[in-house]
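Pasting the structures here.
Heads up, the next two complexes both have chain A, just with different partners, chain B and then chain C.
Up next is the complex of A and B:
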């Protein structure tokens, strides 16, 4: 087994006094791609938001470590600078903020954490243009304010562009495939596959096996009612696709 | 281009009669005694070596002011203890003796701000109000630019100098846009104005540089009753920038400036302001009260007057840069960012009066309130019966930070010509938790995230500023927002 990057132990999380995650454990090793599937409302977004440090999610017990460091006391921006990136299910609009400026500021903050100087803006600009090409996003689109008036699919691609620019160690992708046409889906998968490497890890949240045809995961986990109830290889996703979650629930009941 | 320094002492050339109000005995003293009376008005005029007509004008204003019975206007949404007009020095030579003697005496907060804003070392002492006599580089720079301006026939000098050297222009235009009887503070200013800028751009000349860029230090303290007059003759263009982003130390609390702009046929004036005067401490004590009358007359056909302001300083801002659209096809614009933090109050906006045919005005006002700050947008658009085909577009947006700040929007519209087309948009928003989470998830600190979102909110106004000032303005927002973010 690969050296662990992210370790979650017996995590309990509340939102507005309701317990959503009820003792979730998960370990992601360096270089691995994990997929999480589960019915609506089972807690998938909650999990990735907790990892990113979203304030309204209260961790009542359990532990999260990232590269051996305790994540829980870290603020949202500290976690991001440590190398955790969340591709949002619903990215928000930032009126008047240019994508270029947004990413330059973000990248410089991350570099500062590593004790590096801000990136020369010409160097950044060159890299920026290259990534735009790599992701296959429309040049005109990135000239607008971040996400402003973007279609659902455009927002997802813009998340992928940001991920490429910031090059995190751990990418959390919350339903990046939802609402994408087949070409866009392939290009998202392409971006993720290119990023695969011994120092990187990915956690994709998805409802559809379809994405996993292109991003073949090392592990698949089924999340139901705040717990991971079943884990397996890429084949598990196919089984779920075929038989539905009731099959998992039944299997649990008889177990 | 250096500021004029005058010392008032017993050895003045005033008549015995004026003497009776007396001056402080200290020969070093360069401040008139407190309080306002005819003698003080005469003294000011005489100190500046003004011609008789100027003194007469000041006295008319003073006599009118007396009829106003010292009652300030009360319609604005601002609160402050009554101002004691007898407790003010109406004349002080620029070199006041209560300034810090060296940089060691300057408020460390101010020094920190200089650092953050990247103010050149050479400029800091002067901005901090340190009494320095050393003449630094910018004076020679100023002289160089002065030569370039002369070549184009552009006159750019202190108004006190213009009164002596270009009386025909000053007499013709001073008070032609803001008459001395206009309002309480304008009347007071007309009686006692200290100094300010005078610009005349001759026919067909496009002023070769942003005025003020290289002169800001030398004009940094024009006194508390500043008076500015800008005339753009037919077919000319000028861009003027007032103020700077450094937290300019002011020795007095009340500031009442008047700015008049006149654009003749096909002329354009662009007037940009960055105002960052002392806002007072966290409780709001001791800040500057800034009561300004700014008005432009787009007098000629196809003329254009454009105001852009970024107001982050002062405890109280009372300011409505306006345009009278008199010439046919003339254009008036107002782009504004007003930021209030802690206990600052701002009541600001504009007035567009459409008189000529096919006149067009655009208003974009962005108010940001943080802490206990309270900001009000007050705008009036008036379409006169003669203004056939007039158009106005107004957009006022407010952004609230925290839950103790407030924003008000008061647009007044008066349409007396049925062909007018009016468009109005308004919004009030808060920086959402979702936005902050999103920005911070990319590794950006809470404070920088706020700054980024606020800057985005102001984008359409910053786009109107000359480039280098847009950069300064963004830095200024950052510094002004400090402490607003928990």
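Up next is the complex of A and C:
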């Protein structure tokens, strides 16, 4: 197995006094693509949000390390600057905030963390235009306020654009495929596949095998009731698609 | 007895002094108008925030009523320098500028072109001599004081102020009325008064700025009347930058003629209490009015925007958009009442307000309403009292991209104000307001995340 990037050990997480993650362990190595599937409410978004550092998710026990560093004491922005990126299931709107300005500020914060100077704005602008083309997002859309009045699919593309610009080490994608038409889906997959490399890792949360036809994962995990109950290769997703989660539950019961 | 004068008696005593000082020089009708104002104030007094008084439901003016503000009929204007004004107020050489210090016209600080073409700008005191007939025709005819103690008081002390008469289709230089309050050991009251009359087919850009030079307590009781002639367009800005301990109560009355437009942008920051009562009467066929508002309140500041729009003619249009940013324990009140009268067919009214609440202890009371007595109209209103949770989500989202809380808050606030500041057509003023907002940003930090981060166990 590749050198580990993200290690989660026996993670317990509470939201509003209810335990959602109940002892979850997962290890993601450099260069790997992992997929997480699971029924509604099983805790998939909770997992990625807790990795990103969302304050209302309280870690009651367990450990998370990223590149050997303890993640838990880090704030959300520290984690982002370390190279963790979450493409949200429901991205929020930022009225009056220009995407260009937002991403320039974000990228410069990340660069500062690495001891680099802010990016020259012309260099940034050139890169920005290139990424817009790569993601295939409408030029006019990007000129508007971040996500304001965007359709569901447009918001997802806007998340992909941000991911491309910030170029994180670990990309967490929460149902980026939901609500996308087939062309958009392909272009999202394209973006992810282009980013594949020995230093990058991806964790995609999805309900559908469809996405995994385009982004072929190295590992698939099934999350039920706050625990990973089964892990396997890309074939596991197909099996789940065919037989449903009850099959996993039954297999667990008889195991 | 003098030491135990009740508050009202103090105003009355100051009024008598003024009466004697101005004896003879003021026209008889003006003296009578003042007396009516004083008589009305004596009957009404200051409003109380009692139940049933919708106009003053959320704003308590007891701090004004209880304070002993003194009036000076001839304040010294010599201590104020132009350089000081340029630091705190918008300023352009090419503008026609009238400066008032503690309510008194300061000619040496002002710049009025000797030949303004069709534009005449002067102090009211001077204009009483030169333009008496026109003034008598309009003064106090739009800003009624029958049921408003503050307007009555302002009228009682009406002796100076700004007079603007614009005619002709040429583009006139912007006019800036700058009302400056100085610090003094004894808290002062001033009664800024403005009368603007535009003839038909005239364009006028007008800025009213109220600014405090120190941080002491004072009270500005202001009244502005604007008559927009048929086919004219007045681009009006009200910039309120009173000092943190100041009280500001102002009334603006605009009467808009046929096919005319009154557009106003109200920017307010600071002041222990700032109340703006804006009434726009759409009197002429096809008349329109626009209000874009932005206010920033911090600490214990209180702001109250009381807006009335009266659609009295067919094809009249109104638009209101008021935004507020609140922090600390500040309080913002917005009442927006639109009346569409019978006969105002094909009228169109839009109304919205939005708030960005950065602190859990800040409070917003917003009350938009529309009274429609006509079938054939279009009217929409939407109020969004911004939830602190909404801002929290937005800040979290930005932080998840690497921005620290400060940078995220700054970007969010900048975005929020941009929508209003972008509507400021007068570029130097827009730049000035941008600067004021920027400078205020450190005060408008987003509260609430630091604590939560600590909650994380281990």
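Heads up, the rule we're going with is that the second predicted complex is superposed on the first by the 255 of 255 C-alpha atoms of A that agree within 3 Å, B and C clash if a C-alpha of one lies under 4 Å from a C-alpha of the other, contacts with A are read in each partner's own complex, and residues count from 1 in each chain.
Heads up, the rule we're going with is that a residue touches a chain if its C-beta (ideal position, glycine included) is under 8 Å from a C-beta of that chain, and two chains touch if they have at least 3 such contacts.
In this text the structure is predicted, and so the values were computed from the model without any measurement.
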Side-by-side fit of chain B and chain C on chain A, or clash: clash
Partner chain in contact with A:105 - chain B first, chain C second, else both or neither: both
Partner chain in contact with A:166 - chain B first, chain C second, else both or neither: both
Contacts of A:86 with chain B and chain C, given as first, second, both or neither: both
First (chain B), second (chain C), both or neither touched by A:75: both
Touching partner for A:59 - first (chain B), second (chain C), both, neither: second
Partner chain in contact with A:97 - chain B first, chain C second, else both or neither: both
Touched partner set for A:224, first chain B, second chain C, both or neither: neither
Chain A residues touched by each partner, larger count belonging to chain B or chain C: C
Superposition clash, chain B versus chain C, among 21-29, 111-119 or 183-191: 183-191
Shared chain A contacts, counted only where both chain B and chain C touch the same residue: 52, 54-56, 75-77, 80-81, 85-86, 88, 91-92, 94-97, 101-103, 105-107, 109-110, 113, 145, 162, 166
In the complex with chain B, residue positions of chain A that touch it: 52, 54-56, 75-77, 80-81, 85-86, 88, 91-92, 94-97, 101-103, 105-107, 109-110, 113, 145, 162, 166
Chain C-touching residues of chain A, taken from the complex the two chains share: 52-56, 58-61, 72-73, 75-77, 80-81, 85-86, 88, 91-98, 101-103, 105-107, 109-110, 113, 145, 162, 166
In the complex with chain A, residue positions of chain C that touch it: 393-394, 396-405, 407-408, 411-412, 414-419, 449, 452-453, 455-458
Of all residues in chain B, those that touch chain A in their complex: 432-435, 437-446, 448-449, 452-453, 455-460
